[in-house]
Amino acid sequence: VPFIYQRTVQFQDTDAAGVVYFSNLLAMCHEAYEASLSAAGMDLRRFFSPVEEVYPITHAEVDFFRPLFCGDRLTIHLNPRQTQSSDFEVRYQIYLSDSPEKPVSEAMTWHIAVDSTTGSRKNLSQPIIHWLAQYGGDNQPVRGNGQPSNPLGKPD
Amino acid sequence: VPFIYQRTVQFQDTDAAGVVYFSNLLAMCHEAYEASLSAAGMDLRRFFSPVEEVYPITHAEVDFFRPLFCGDRLTIHLNPRQTQSSDFEVRYQIYLSDSPEKPVSEAMTWHIAVDSTTGSRKNLSQPIIHWLAQYGGDNQPVRGNGQPSNPLGKPD
Amino acid sequence: VPFIYQRTVQFQDTDAAGVVYFSNLLAMCHEAYEASLSAAGMDLRRFFSPVEEVYPITHAEVDFFRPLFCGDRLTIHLNPRQTQSSDFEVRYQIYLSDSPEKPVSEAMTWHIAVDSTTGSRKNLSQPIIHWLAQYGGDNQPVRGNGQPSNPLGKPD
Amino acid sequence: VPFIYQRTVQFQDTDAAGVVYFSNLLAMCHEAYEASLSAAGMDLRRFFSPVEEVYPITHAEVDFFRPLFCGDRLTIHLNPRQTQSSDFEVRYQIYLSDSPEKPVSEAMTWHIAVDSTTGSRKNLSQPIIHWLAQYGGDNQPVRGNGQPSNPLGKPD
């Protein structure tokens, strides 16, 4: 089952065009990611410190289907999935809380597990695998060659 | 009675020193301000749009008593008070949610009411006065002349 | 010829992992976009105001090939290209200024021209076409079906 | 002599009211601070890492005399001064580059030197004293007791 995160668009998220500045939506998705890790029992201060292992983002993308305004209440659905022994991806669907039938935006981030001391890739650790089991699911389209393609399509 | 706002420190709030980047704490206080306006019935999209009247910040300040880390749960107490017919100030006390006896930070913002079309000061409107009555209080130290002291001095 | 933008990584760009927070790299690319518009004679305040026409971003993506640190000097190459009568995309290659042989990151944004009053798509206006001619070029791989695919590949 | 820093207001700095979001001006001042440290020979990555000594901000304040818009070219004058053996303050005057007679904003930050391993205050190190000598000056109004006044009061 996906993890659900509620977030109100803040004044700081907006820009002089009157709507959410594009890259701030990715930061909101990262907030949902942090909340899901915390809900799975992770200590965030430790998780995001450069000790033992880190999970840097290697790729991020986001599609916008309509503008978002200050005060808009958003519901973010987060869905992670392991893609390799050392990699996972997280998909985000962003809805206006009061119209849940169609997302207003979709996003995705790819993460790899890196050993902080050696700098090399490593297998995902047990707590992450637990988190993947908790919030991941098979409701994701499986991609043929194990390569993420462009999952989001183009807005019409 | 003050307005109470809960906020978890996010990864994005931190910097390479491992703690919250200083000006982000003011942005968290502004979130509390937005939440208090919303709780008092204001429409945030309209309130922060450049229509009719706006409430720009003319001064802000913040004191830090200890560093804050990713994942820290904060409780912000917001307390506004009218300082002139066209002005109000908001004071913020920021606590770690699990040690409420002593703030970890304090902040303050000053706001003036401005008519968007003429650009000149105006009296506070009724909704703001209602909000001030709801969350303001006399638990603030009164300063001698009822004028906020200007600690930076006025530009000559 | 691409537009070249110089940018030093600032403390605010970093996070508690000690490196640039992922979505801030997209904001740096947007800075390069703004600088290129300004260099082409656009008035930025007017360009980004919700008057007449606006160019919202409908898609953004970014790949990271290595972490970036506070003080790193970056050189961003910006290359725009028209993709439809109403659309353009901008590609960004981000280099460490002192090792220009291999990008440390790549990004892309898609933009559409929208009439502010009607809210519907419109053809790109003359100043944008002029800007496209100035900084665009044929050094981009042409994609068969007019659909942007995933141009960035996976970091090895 | 003060350090001079040039900065164009970016779209990301603005909010839905059409002007610079208040706390972003403090971040621009911090950019000027970073540029001055770099100009004095400091390595920024090392300076802002939690190794040996750090210089956290204990207080920040900012006054706004007029709104700032996307594309505005700013000139920031930075002027530091030692206030105690372990403390310094930095004052910032922000001008529109094309009207240098009157600042549009003023700001101030206080910093203390802290030993990273013990967590206790320490004397300013030689590179910081060198930087203070280079960009500081006696053009600052001296306050009575050589102690920065604390306009927010100390928490009890």
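Here the chain labels run A, B, C and D in written order, and each chain numbers its own residues starting at 1.
By definition in this document, a residue touches a chain if its C-beta (ideal position, glycine included) is under 8 Å from a C-beta of that chain, and two chains touch if they have at least 3 such contacts.
Fair warning: this is a prediction, and the values are worked out from it, not measured in the lab.
Participant: Based on CA centres, what chain would you say lies at the far end from subunit C?
Facilitator: The chain farthest from subunit C, judged by C-alpha centres, is B.
Participant: More C-beta contacts across A-D or across C-D?
Facilitator: Per the contact counts, C-D leads.
Participant: What is the distance, in whole Å, between the centres of subunit B and subunit D, each centre taken as the mean of its C-alpha atoms?
Facilitator: The answer is 22 Å.
Participant: How far is the middle of subunit C from the middle of subunit D, if each middle is the mean of its Cα atoms, in Å?
Facilitator: The separation of the two C-alpha centroids amounts to 30 Å.
Participant: Roughly how far is subunit A from subunit D, centre to centre by C-alpha average, rounded to an integer in Å?
Facilitator: Each chain's C-alpha centroid was found; their separation is 35 Å.
Participant: Can you pull out the residues of subunit B that are in contact with at least two other chains?
Facilitator: In subunit B, the residues touching two or more other chains are 11-12, 14-19, 21, 23, 27, 30, 45, 48-49, 69-70.
Participant: For subunit A, which residues are in contact with subunit B within the complex?
Facilitator: For this pair, the touching residues of subunit A are 8, 10-12, 14, 18, 27, 30-31, 34-35, 38, 43-45, 48-49, 69-72.
Participant: Write out the stretch or stretches of subunit B touching subunit C in their complex.
Facilitator: Against subunit C, subunit B makes touches at 11-12, 14-19, 21, 23, 69-70.
Participant: Report the residues of subunit A in contact with subunit C in the complex, numbered from low to high.
Facilitator: 15-19, 21-24, 26-27, 30, 45, 48-50, 54, 56-64, 67, 109, 147-150, 152, 154-155
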